[in-house]
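Before anything else, here is the set of structures, which you'll find just below.
Same chain, two partners: chain A is paired with chain B first, then with chain C.
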Partner chain A sequence: MHLTLEFGGGLELLLEKSTKVHKVDVQPNDAQGKVMMKGLLSWVKSNLIKERPEMFLKGDSVRPGVLVLINDCDWELCGGLDAELEEKDVVVFISTLHGG
Partner chain B sequence: MDSAIDGVRQPPARAGSRLCTHCGERKAALKRPKTLEQICRECFYIVFEDEIHRTIVDNNLFKPGDRVAIGASGGKDSTVLAYVLSELNRRHKYCLDLFLLSVDEGITGYRDDSLETVKRNEIQYGLPLKIVSYKDLYGWTMDDIVKAIGLKNNCTFCGVFRRQALDRGAALLSVDKIVTGHNADDIAETVLLNILRGDIARLSRCTFIITGEDGPIPRCKPFKYTYEKEIVMYAYFKKLDYFSTECNFWFLPMYRCSLAFYNQSCFYTH
Partner chain C sequence: MEAIAGELARLRAEREELDTCIRLLESQLEAGRAGEGDVAGTGAGGGSWGGTAACPIRRRGNGFAPADGLPADMIYRYSRHLLLPDFGVEGQRKLSRSSVLVVGAGGLGSPVALYLAACGVGCLGIVDGDDVELNNLHRQIIHKEAYVGKSKVKSAADTCREINSSIKVVEYCHTLKPCNALEIVRNYDIVVDATDNLPTRYMISDCCVLLNKPLISGAALGLEGQLTVYHHNGSPCYRCLFPNPPPVAACQRCSDSGVLGVVPGVIGCLQALEAIKVATDVGEPLSGRMLLFDALSACIRIVKIRGSSTVCTVCGENSTFTQDDFQKFDYENFTQSPMSDKSAPSLDLLPESARVTCKDYKRLVDNGEPHLLLDVRPAHHFQIASVSQSLNIPLSVLEEKLQILETSLKETMDGSASDKPPSLYVVCRRGNDSQIAVQLLREKGFLSAKDIIGGLQSWAQDVDPDFPVY
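Showing the complex of A and B:
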C-alpha cells in the first residue's frame, strides 16, 4: 500500500538525512490483509527511525506529545491506533516537545 | 472508538466522516483537547482566535497606543503568537504598535537557524524586528558559557540572561509591554517544577498572566489558557513558518525536560 508519511516538529531528525517526507510502500500488517495505524507505527520504527525511537514511540503508540493526522484529520477522530489506512493516504506526525 | 449496531462491532469512522459540532456542515478535522469537541478547521480558527481575544480583553492586557514587543524565538508558540496578535490587533482595533524582539544567545546550530525563521516572520507578518545578543550585552555566547561551566546549570544562566536581554531590548525599543508565548502546558510544567522544588514564592507568581508590573516593563502571556496541541495544529493548518529543534543543551536529566515528558503523558495519553 502506497502511503505518504510526513514528519515535523523535529521528528525528522530521527530519520535518515532528516528527510521530512517519505513515500513508502507498506505491506498489510493485520489478519484481514489491511494496513492499520498500529502496524504502520511498528513499520516506521523498524524501517525509518534511525535513532532515539523513544522520542517517537512509547509502547504500541506514539509518545504523548506527538500529534498524528491522517489526510489532515486528527487521528483521534479516525480511530487512533485502530484506524485503517487506504491507498495514497497521507499520515503526518508532528512533535510538540520543543521550545516555543 | 468502535460502536455497536445490533450487537455487531462497527469499524471506526473513516477519516473525514464526522461533522463539526459547531457548524454541523464541514468535516471535523480536530478533537480539541481543551473541550473534547470535534471541530472543523474554519470553526477551530474562530474559537482559537476568539478565546485569545477574550483572554486579552478580560485581563486588560493592553491599552490603545501600547508599544508591545513579542518575544520571538522562531518557535511554534512565538510564531503563532505574532500571527494571532497581529491579526487580532487589526480585527479588533487594539491600536497596538507591535514589534518582534529576539534574543541571540549564541548557540550554534540552534539559535542561528531559529533567527532565520524570525527574519522570515518579520517579512511575512510585516512586524519590525529587533535582535539583541548575549555577545553584545555580556561579551559571552552560550557556547562560551557551556565551554566554561559544562552542561550543569547552563539553563539557569541562560534563563536569567535571556530575561534581562529581553528587558534591555524592550528598553531600546521603548516598549510598554513584552508578550511571550508561554502556553497552558508550559505553565503546568512550571507549577510542577516549583512544587517539586518547594519554591513557594515562585509557585504563587508563576501562574500570573501579567508579571513584572512593579518593574520597568511588564510582561504578559496571552496564551496562558491555550493548549500546546492547539497551537501546533493552528500553525499546521495555517501553514505558519516556525523552527522546531530542541536546544543543543536541553536533555533528559534536566528537570524541566523530564516534567515536559510527564506533563504530556498526563494531557495527551492515547
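Showing the complex of A and C:
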C-alpha cells in the first residue's frame, strides 16, 4: 500500500538526513490483510527511525507530545491505533512546539 | 574606555535634548490640528475629514454620527476596518470594548501586541518578566535597541502607546505564575499564549479553563510554527490534546535550536487575527483545528483536531481541579522543565577528577602542556566561533568517528617533545554535551578525557571576554 508519511516539529531529526516527507510502500500488517496504524508505527520504527526511538514511541503508541494526523485529521477521531489506512493516505507525525 | 564612556554620555544627552524638541514640536502640531478640526466641525455640514486636517486621536463627536455610532476620531482612524462589510461598525465597536491579555512579549508577542494595539482593542495587557536583549531584536520586532537591558513589557507598552494612544495598555513586568495568574487573567476577555516554554503553556491553559477564557495559542521554533484556539466553541484545552507532558529531551528551545525571526512573526500575526475574530465574533476562529506552518517548504496545513475530552482532568465533566489546586500546582515539576527559555538543565554526570574549570584549562595551555581540545558541538555551532586549535567532532557522530580522534591524539604526541600521551579535554557550548562525551570516551578507553566545566559560555565569562557569546 502506498502511503505518504510526513514528520515535523523536530521529529524529522530522528530520520535519515532529517528528511520530512517519505513516500513509502507498506505491506499489510494485520491478520485480515489490512494496514493498521498500530502496525504502521512499528514499521516506521524499524524502517525509518535512525536514532533515539524513545523520542518517537512510548509503549505501543507515539510518545506524549506527538500529534498523529491521518489525511489532515487527528487520529483520535479516526480510531487511533486501530485506524485502518487506505491506499494513498497521508499520515503526519508532528511534535508540538513550545518556543516563541 | 573612558573616552568611549564620555562620548556615549554626550550622545545620550544630545539624544535626550532632541527627544524633548521632538515632543514639543509634536504637541504644537497636535494643538494646531485640533484647532483646524474644530473649525471644520462647527461649519454647517462641514464634516470634512480630508487628509491631515482631522486629528486622529481626538475623542469628540462631530455632531453628525447617530447616537450609537462610533466617535468621529475612531471612524477616521479605523475607516479601513469600517469599510469591510463583514466587520464594519459592529466589529470595531466590539473590538474597542474587548480586552486581551498577551502573555509573553517576545517573538510571538511582538506582532500580537503591535496589531492588537493598532487595530484598537479597548484594553491590552502585556505580561513578561524578561528584559530586552540584543539577541532578541532579530525577531522581537516591538523592541528597539534603545531598550536593551530594560523591561520587555515597558518597551512593548511604550511602542503600543506610540502607535495608538487611544487604547489602554496595562503593564505586568513579571513572570506569569500560578500565584498571580488568576487575578490577572480574570480581568481579560481573551488570552494570547505567546510564551516560550512548556510549563507556562500548561499553566495558561489550566487558568483559562478555570476562568472560562478563550486561549489563542501559538508556538514557533526553527522554521516551523503552530497555532490553535483552545477552550472556545467546544475546542479542547491544552491538556485534552496533551494529557501527559513530552520527555524533557523532546523540548527544544529557541535559545538552543534557533529560530528564523520571521517565523514567530507569521504565527504572531495569525494569533492577532484569531484574537480579533474571537473578540468580534466575526468569521470562524481556529477552534477544533490546528494550523501547521512550515517555512522551508512554504506549506501551511490546517488539520482537524479532537474536541474537548470528557475525561480531561482539568476541563472534563468530572474534573475536580479547582482554583486552589491551580495555585498549588507545580508546573515545572509536572513537565520537568523550567518556566523559562533560558536555563538549560545542567547535567552533573562526572566525578570531579574528570572535570576542569576554564581557568585551569587556560593555565595548562599557558604552561604548554601537550593536549588535544575536542569540541563536540554540532558543526554549524563550530562555524560560529571556536577556540583555536580545537578539533570538532559533533557528539552525535562521536562514537563512529573515534578513529579521527585517535589519529589526532597521535599527531599531538608526535608533535610534542614529551613521550607521555597527551591529555584530552572536551568542550561544548554550555558544558552538558561535553560531559556526555567524556562519559562515552572513557567507556571507549580514552581514560584521560576531561570535561571543561561550563563550556565555551564559561570560557567567555571567565577567561576570554572577547570570545563571542551566542
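Quick notes
One rule holds for everything that comes next: the second predicted complex is superposed on the first by the 96 of 100 C-alpha atoms of A that agree within 3 Å, B and C clash if a C-alpha of one lies under 4 Å from a C-alpha of the other, contacts with A are read in each partner's own complex, and residues count from 1 in each chain.
In this section, a contact is a pair of C-beta atoms (placed from the backbone, for glycine too) under 8 Å apart; a residue touches a chain by one contact, two chains touch by 3 or more.
Nothing here was measured: the structure is a model prediction, and the numbers come from that model.
Shared-chain residue A:8: touches chain B and chain C both.
When the shared chain is aligned, chain B comes close enough to touch A:83, but chain C does not.
Of the two partner chains, chain B is the only one that A:62 touches; chain C does not reach it. Of the two partner chains placed by superposition, chain B and chain C are both touched by A:95.
8-10, 63-65, 67, 69, 72-74, 76-77, 92, 94-100 are the residues of chain A that lie in the contact sets of both chain B and chain C, per the superposition on chain A. Per the touch definition, chain A reaches chain C in the complex via residues 8-10, 20, 51-52, 54-55, 63-67, 69, 72-74, 76-77, 92, 94-100. Those residues of chain B whose C-beta lies close enough to touch chain A in the complex are 1-2, 11-16, 18, 27-31, 38, 73, 75-78, 181-183, 186, 228-229, 231-233, 236-237, 244-247, 250, 260-261, 264-270. For chain C in complex with chain A, the touching residues are 104, 106-109, 194-198, 201, 218-222, 224-226, 241-247, 249-254, 257, 259, 264, 267, 290, 292, 294, 297, 301-306, 341, 396. Note for the complex: chain A touches chain B at residues 8-10, 13, 58, 61-65, 67, 69-74, 76-84, 86, 89, 92, 94-100.
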